[in-house]
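Take a look at the structures listed below.
The same chain A turns up in both complexes below, where it pairs with chain B and then with chain C.
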Partner chain A sequence: MAGTRAKWLGLGAALVAMFAVPAAAPQYVVHIANFVLIYTLPVIGLGFLTGFTGRVSLAQGALFGTGAYTTALLTTKLGWVPLATFVPSVLFTVVLAVALGGAAVRLAGLYFVMATIGIQQIVWIVLMNWIELTNGPQGVRSIPPIGLGGYDLDTPQRFYYLALAMAVVSYILAKRVVGSRLGLFLRALSDDQLAASSVAVEVGRAKVTALALSAAWAGAGGFLYAHYVRFIHPDMFGLEPSVLFLVMSMFGGYRSIEGMIVATAVLESATEYLRPFGEFRMIVYGLLLLLGMMFFPRGILTLVPRRSAASPAHAKV
Partner chain B sequence: MLAQIVIGGFATGCIYAVVGLGFTLVYRTLRMVNFAQGHVFMAGTFLGLAIAERAHLPALPLLLAVGALAFVVGMVLERLVFRRLYHNHEVFIVGSIGLGIVLMNGVRVLYPEPVPFPKVFGTNVVEIGTARIQEANLWVVASTIALVLLLHAMFTYTRVGRGLRAVAADAEIAGAVGVNVKRAIALTFGLSFAVAAVAGVLIGPLYFVSFDMGDMVGLKAFSAAVFGGINSIPGTILGGVVIGVLENLAGGYISSAYKDLVAFVILLVMLVWRPTGLLGRETPVKV
Partner chain C sequence: MRLLEASKVSLAFRGVRALVDIDLWIDDGELLGIIGPNGSGKSTLFNVLSGIYLADRGSIQFNGNRLDGLGPAQIVRRGIARTFQNKRLFGTMTVLENVTVAALKGRGGSALGDVFASRRSRESTSTARGLAERCLERVRLADWGDALAKDLPYGAQNRLEIARALALEPRLLLLDEPAAGLNPAERLELQELIRGVHQQGVTIALVEHDVRMVTGLCPRVVVLDHGEKIADGDSASVVKAPHVLAAYFGGEELEEGA
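Right, the complex of A and B next:
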């Protein structure tokens, strides 16, 4: 099919372009690109919850932080090798998310959002106040860089390929999940819960699974983040990143993973192109959110009519 | 010691209750949560500050002026901004958070450092039994009671108030029997802005005021509203007062570091156990 071939060509070209970034682009562009790639993970994770169960979470920042703190504390306090902490970071984030949110995920719509705000604030307050464990407002300093066979990924250029690989793998994995039986269940759930349960979708379990998946992606993102910025502070994981992740996944349109990635790139680099506004930067950022929601409530990809209008089937994946 | 803690908590709880009322008013009418509420409260404080710095108004006219101005701002913003966000609750949440960020950083440009608020409520300390209470705290409690009575009278005895209740119960039917639904929604936002701004002026003289003070208070007031029942006005008042007292007790007897945790643990437990809150009635869909 010509359409598929064009799609693969486009994807190939995008990959080649992304490979060339560290060689061709200045340091700060690589630096931003790294953040975009890292944030892709929690945003895709949120997509599982938002896009496929219709549940909006404002706790993704806290889960991202849980992953980051797990690896940071294991490496700095217990001296683990960074790579060895990947699995514990992801697992612990999933366990925490299910422990705190497992009961709440049954709640419909707005009530679930309310519960996630509680979870977000609880995690942040504990990070801030459990000083013996987390250093509280001091944050965790000198987190070691990830080492691959004696080669430390301690500059943006060196880190870039790991971040790219992780983002690509998580993208492909997410696509697989979406296409799988579970993805089908989740979409059925989002469309009509009652109908889904009547055709033997186990609604409760599917929702908890979606929550666990979104936490896993957040935990993995947090792991990367901690070893990239190498200094973490509770305020990096407050309500603000949660809102940012939610907006990234919404601006992308709920069910389009590509859309989420584009939105992540646009919003994350906002910190750079809003710099000329100086002290008014955050005001402009708030206006961006507000106006975005006022005029494009269905996501920025609605600006590209080809996708939304021509092939509704595509928008589902 | 105990009496002191309870009364202090009661006063803080009144603030949560009044700010929480803003959440409740909007939620009852639209089934939406306005997360700019905490920042409206903060903006109310600074509006009060700006007025008090120029015209040395006594306490009561200051409260009325700020309330009236905030009411107008709320109506105008409903017309210009909120009306475009009724698409669904996610859009409304993110949009209102965006508005909150604009408010907070707008005030930050004008007042980057915490500033003292003029002591418009006096500086006397009143002794009730063994407890020593600042006069300003009594103002908070008295104003809350007055505000609640006023709202109650309005909702019960006036045509406008009954219209608002009808819209909250069922907007479509209310519209069919001749209530102006659009105006009722605009009035709701006006009221919710007014109560939050008045709460902002009430708390101002008790602390230094800063641009980020709305964050925590807003979220706690929200927890209070959910705890008591986010569609119930008496529930929200009860929720606010209970959370205020409980968190002061936790701060006094358990650990001051985890004082802030109380509201959010209550929020989470309450949602799982009884999502309608203590006094709420509506049944949320739960499968």
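Right, the complex of A and C next:
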């Protein structure tokens, strides 16, 4: 299996390269790399819903924000140690997502999209207006950095390895989820819901589980984000990041976790490498998206030739 | 022994009567044919039996338990599997995956177990995979396991539907026009497949247009017309009954019509 071996070599090389980034690259590159790593979490999470379940959500930014606010408030208001808030942040995001979206995720495609826009708005409005709890438009400042073994991860370089570790773990876990029977069930129901239920797939439960997983990944990403930027504001979690996460999760490759990661890197760093275009930067960015979707509707990773699925051309029908 | 017993099952769509007081029983081990003109309610009946439609009235007993009110996923767990007339495969999945989804029914382990590769999960997935492979062999699709379902030729998609239903290891198998669109050779092969599955102890109800195929396979035939059961009995005599001929072919001889 030369293909698998090349794949592992590529993966290993990528890991080594990623490991060397903080030492070799200038600070602002590390800074951007951190955002890429953080964003891969909500993007991969959204992939469970969009790619595998065929449900498009525009609430991922709100769930990302839920994770960020949970840890921010627990650390600043109650004085928790940052690491101790990880599990509560993830859990609370999951509970909120299932409570608000558990019924909606059973709806047909377009209705679910509209429901998620509603969820996005609800969360933003609560963050903005429940001032006693969230500080409202003041945002939450002075969020403490994550401390690891006596070290405060308060610089991009120090933060990088944690972000990398989280991204790698979330990638591996996501691959396992996709390869599990849940992944099989989700693909089946996104192809044909009726046929899926006719082969004993509990369609409703599978969809809610996909929603819960996407929220878990978003909550974990929000946790990282809050302790990296150290100041959060409701506007950071409006519709804009939701759209961005959606684009990232679809731009990379249809049902490809690797594709989602590549797309996150390409799009998140675009503002940097498009700098030569000056004020036309965002126009070029938009064009890039447009052309990408036109020519690679199944994602930019289709540029990379895939190992052709065992062609049965020789087989006798 | 009665495996399935439906009594007075009725269903209307916005006032249009699709099924009218249908009484239907299927004995354990039977191979029952269900025929009738287009729109006579055959597929609707299957949709009710498999939980896709909820009957307005009537009750359905299967293997001693009431089925009415249960959804498709619950009914298939109780042992009724079906195929669809208009092939409903998982197009973006491979042929083997299509069948494996079904073969996972009622197996131990969980998605979480799969993620962390628990022993229970690994065992149940490999059992399911083995079953799926056997079902594919059964319908001569073993060489196509890695192909995408949507890339299969029509006849092979047909067989994949059957393999997927077999992987559910049903007590009762509902086949909804499995021969539609097949050429004569494929029909013959399908006929043998159905006979083989039946001989292995699976009770079968076969909805089919091809009357000759039904009379060839099924000792007993039920005839539907306009949502009503108009005949039920020994296939050779049922298809000769004047009122059946009138309903089915406007009076022509059945043999010629088929």
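Here is the rule we go by: the second predicted complex is superposed on the first by the 277 of 317 C-alpha atoms of A that agree within 3 Å, B and C clash if a C-alpha of one lies under 4 Å from a C-alpha of the other, contacts with A are read in each partner's own complex, and residues count from 1 in each chain.
What we mean here is this: a contact is a pair of C-beta atoms (placed from the backbone, for glycine too) under 8 Å apart; a residue touches a chain by one contact, two chains touch by 3 or more.
As the structure is a prediction and not an experimental result, all values here were calculated from the model.
Engineer: When the two structures are overlaid on chain A, which partner does A:Val243 contact: first (chain B), second (chain C), both, or neither?
Structural biologist: Only chain B is touched by A:Val243; chain C is not.
Engineer: Given the superposition on chain A, which partner contacts more residues in chain A: chain B or chain C?
Structural biologist: B
Engineer: Should A:Arg181 be classified as contacting the first partner (chain B), the second (chain C), both, or neither?
Structural biologist: second
Engineer: Looking at the overlay, what does A:Val36 touch: chain B (first), chain C (second), both, or neither?
Structural biologist: A:Val36: touches no partner chain.
Engineer: Under the stated touch criterion, which partner chain does A:Ala59 make contact with: chain B (first), chain C (second), both, or neither?
Structural biologist: Neither partner.
Engineer: Would you check which partner chain A:Val203 touches, where first means chain B only, second means chain C only, and both and neither mean what they say?
Structural biologist: Both partners, chain B and chain C.
Engineer: Touch test for A:Leu173: chain B only (first), chain C only (second), both, or neither?
Structural biologist: It touches chain C, and chain B stays clear.
Engineer: So, A:Ala72: does it touch chain B (first), chain C (second), both, or neither?
Structural biologist: neither
Engineer: If I apply the document's touch criterion, which positions on chain A are contacted by chain B in one structure and by chain C in the other?
Structural biologist: Comparing the two interfaces on chain A, one with chain B and one with chain C, the shared residues are 194, 197, 203.
Engineer: Which of the residues in chain A end up touching chain C in this complex?
Structural biologist: Against chain C, the touching part of chain A is residues 173, 176-177, 179-185, 187-188, 191-192, 194-203, 209, 309-312, 315-317.
Engineer: Within the complex, which stretch of chain B touches chain A?
Structural biologist: Within the complex, chain B contacts chain A at residues 31-33, 81, 84-85, 87-95, 97-106, 108-109, 215, 219, 222-223, 226, 230, 257-258, 260-261, 263-265, 267-268, 271-272, 275, 284-287.
Engineer: In the complex formed with chain A, which residues of chain C make contact?
Structural biologist: Chain C residues touching chain A: 50, 52, 71-73, 76-77, 81-82, 84, 88-94, 97-98, 100-102, 104-106, 109-112, 114-117, 125, 140, 143-144, 146-148, 153, 155-156, 164, 167-168.
Engineer: Can you tell me which positions in chain A touch chain B when the two form their complex?
Structural biologist: 50, 56, 58, 100, 103-104, 106-111, 113-115, 117-119, 121-122, 125-126, 129, 131, 193-194, 197, 203-204, 239, 243, 246-247, 250, 279-280, 282-283, 285-295, 297
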